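The structure that follows is given in the form of structure tokens.
Order of writing sets the chain letters: A, B, C and D. Residues in each chain are counted from 1.
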Amino acid sequence: MTALSLFAVTGAVLIGIGFYGLIATRHFLRRVVAFNLIGSGLFLFFGATGARGGVTDPVPQALIITGIVVAFSASALGVGLVVARARLSGRAALPEEEDGA
Amino acid sequence: MTLAFNAALCALILAAALATILGRGIFRSIMFFIVYGLLMAVAWVRLDVVDVALAEAAIGAGLTGVLFLAAFGRLVREGAEAEPPRRINPPAAVACVGLTAALTWAWFSLPIPERPGPQLAEALPRAGVENPVTAVLLNFRAWDTLLESIVLLAALIGLWMLTREDDWRNRLGLPQHVRPGGVMSGFGRVLPPVGLLVGVYLAYVGADRPGGAFQGGTVLAAVGLVAAMTGLVRPPRISAPGWRAVLVAGPLVFLVAGLAGALLGTNFLTLPAPVAGGAIFVIEVALLLSVAVTLTFLVLGPPEGENRR
Amino acid sequence: MTLWLPFVALGVLATLAGALLRVWRGPERADRMMGAQLVGTGGVAVLVLLAPVQGWAALDVALTLALLAALAAVGFVKASSPDGAGDPEEDEPPTTDPRSASEKADG
Amino acid sequence: MADLATYAFTGIGLFFFVAGTIGLLRFPDVFSRLHALTKADNLGLGFITLGVAFQVETWREIALLALIWALTLLAAGTVSQLVARVALREQNKR
């Protein structure tokens, strides 16, 4: 397996881990973290794609740089919403599911 | 040896990512996310994309950690950091394994393209800079960058909309205090000058080496954050006109340059070759300042009064 | 040299697995923070070691990491202070900071 | 000759990293673990930057390496002070 394939598969696994965290965890802050994992897994996959064929293509690199900054600003807004919600309701996690719901 | 190194690096990255999701307690999750960001910066260097590695090092390993830790502290004070007991969710796990498998299949079945496209090599001499990543960011695909700087501004406005009515006139973030002459205030006096130098250096070399306005801006944002947290400077209020001007300077200068391109006969946002170098320099300075200030304000958060429980 | 430096880098990476274990086990929050701090230093060391093999631009990334090495820890001590904005060296949070008090009066 | 110095110094640096990590894992309490950590931080990275400095091509890289080590020293000193105080306060609370 070449280095690029290794990083691309790592990116794919990261996306899977991130999605699991987004679906299966209940605390909102952990969900924001999971969202960040999906984002950076995607960037890794995309970056590896852009480096195939010998030369590194600058277009994916430029998009990833803007993507990292945008993902960060989205996280900052998300974290702000989590904190604001906790102040209003005193909780920052989804309640436990009732059986049969 | 390099394969063993890459494999070990990927294993550590995956271990850290799994631990953020599966570890008990939100604090542990945040710590592993910081570790994960550090390892990702190394991974980007291994992929030979230093431009991305610089951005990841400043944001993933620096700013995001402070953002999450500050949020965790606020949740602790609200008594909302506890997590309900978690169970394994088998359907979600199966779906996510399926997603990973599909992406892996996609990777191995995609045709290998010819890189980079011949258009880029042909166009690069007209770009005005030698670093192809900077050329793409600020000239060839300037649309993305312009809209991205506006997204940053929109996120900040959204965050500020969460301010409470009585906090509106306070300074951004929590009112920081340190022991005068203590370790933290000493650190806050030593680091910012060096950090300013590094940030400006990264932005300056961006024309022909890895670096640029975004990479430099993220480093400057981290420096601004250190200065605010250690009490070296006090954050401004939302209404401060000078800081508002800096926030919009980046997108505004970008738009003006784009319109000028349209008036000078080329298309909107396409910089004519003779002035491209100078125009990129002006845009970069404005973007550097806007990105740095916006990111700092995003981490500091909306204004909060003193000792709010 | 192209074999030795990646080998040392691999060795440093292996020690980072130990740091990850400390982050996982805790038990104190300070322990976890220390583990993360060691990963930061180790990341700088790996990048420095790879620079002669991989290209000297890696040093710029190492510089960025070294510059921000203390950022997360400062955020951590801030977040663990009682009001989220303090300094562990203060014995008690100053409730009457003269500057902010005067400012409030005129604002 | 320069290569020999690189082998020696980076090897010593790796030794300090290994020792620091073993200390971080095996020492019994927070403060002794902090002590182990600063060894890896200061000495390990110091020897590694020194070793790599024998491979540089220009003075620019030497300056960068020196700055990297100086910044890590500053960070390590600050972090150990502050984190130790946080740990002390958490212990006193109990």
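To be clear about the criterion, a contact is a pair of C-beta atoms (placed from the backbone, for glycine too) under 8 Å apart; a residue touches a chain by one contact, two chains touch by 3 or more.
Predicted model only: the values in this text are computed from it and were never measured.
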{"item": "Chains linked by the largest number of contacting C-beta pairs", "value": "A-B"}
{"item": "Chain A and chain C: spacing of chain centres that average the CA atoms, whole Å", "value": "22"}
{"item": "Inter-centroid spacing, chain D versus chain A (mean Cα positions, whole Å)", "value": "31"}
{"item": "Chain B and chain D: spacing of chain centres that average the CA atoms, whole Å", "value": "27"}
{"item": "Computed distance of Cα centres, chain B from chain A, in Å", "value": "14"}
{"item": "Multi-chain contact sites of chain D, meaning residues that touch two or more partners", "value": "67, 71, 74, 78, 82"}
{"item": "Touching two or more other chains - residues of chain B", "value": "2, 44, 46, 48, 63, 72, 74, 183-184, 187, 191, 194, 215"}
{"item": "Every chain pair in contact, whichever chains are involved", "value": "A-B, B-C, B-D, C-D"}
{"item": "In the complex with chain B, residue positions of chain A that touch it", "value": "3-21, 23-27, 29-30, 32-34, 36-37, 40-41, 43-45, 47-59, 61-66, 68-70, 72-77, 79-84, 86-87, 90-96"}
{"item": "Contact footprint of chain D on chain C as seen in their complex", "value": "1, 4-5, 8, 11-12, 15-16, 18-19, 21-22, 28-31, 33-35, 37-38, 40-42, 44-45, 48-49, 51-52, 56, 59-60, 62-63, 66-67, 69-70, 73-74, 76-77, 80, 88-89"}
{"item": "Residues on chain D engaged by chain C in the complex (per definition of touch)", "value": "3, 6-7, 10-11, 13-14, 17-18, 20-22, 24-25, 30, 33-34, 37, 40-41, 44-45, 48-49, 52, 55-57, 61, 64-65, 67-69, 71-72, 74-76, 78-79, 82-87, 89-90"}
{"item": "Parts of chain B lying in touch with chain A, wherever the complex brings them together", "value": "2-3, 6-7, 10, 13-14, 17-18, 20-21, 26, 29-30, 33, 36, 40, 43-44, 46-49, 51-52, 55-56, 59-60, 63-64, 67-68, 71-72, 74-75, 78-86, 88-89, 92-93, 95-97, 99-100, 103-104, 107-108, 110, 112-117, 120, 132-133, 135-137, 140-141, 144-145, 148, 151-152, 155-156, 158-159, 162, 212, 214-215, 218, 291, 294-295, 298-299, 301-302"}
{"item": "Complex contact set, residues of chain B against chain C", "value": "1-2, 4-5, 8-9, 12, 15-16, 19, 23, 27-28, 31-32, 34-35, 38-39, 41-42, 44-46, 48, 50, 53-54, 57-58, 61-63, 65-66, 69-70, 72-74, 76-77, 169, 173-179, 182-185, 187, 191, 194-195, 198, 202, 205, 209-211, 215, 219, 222-223, 225-226, 229-230, 306-307"}
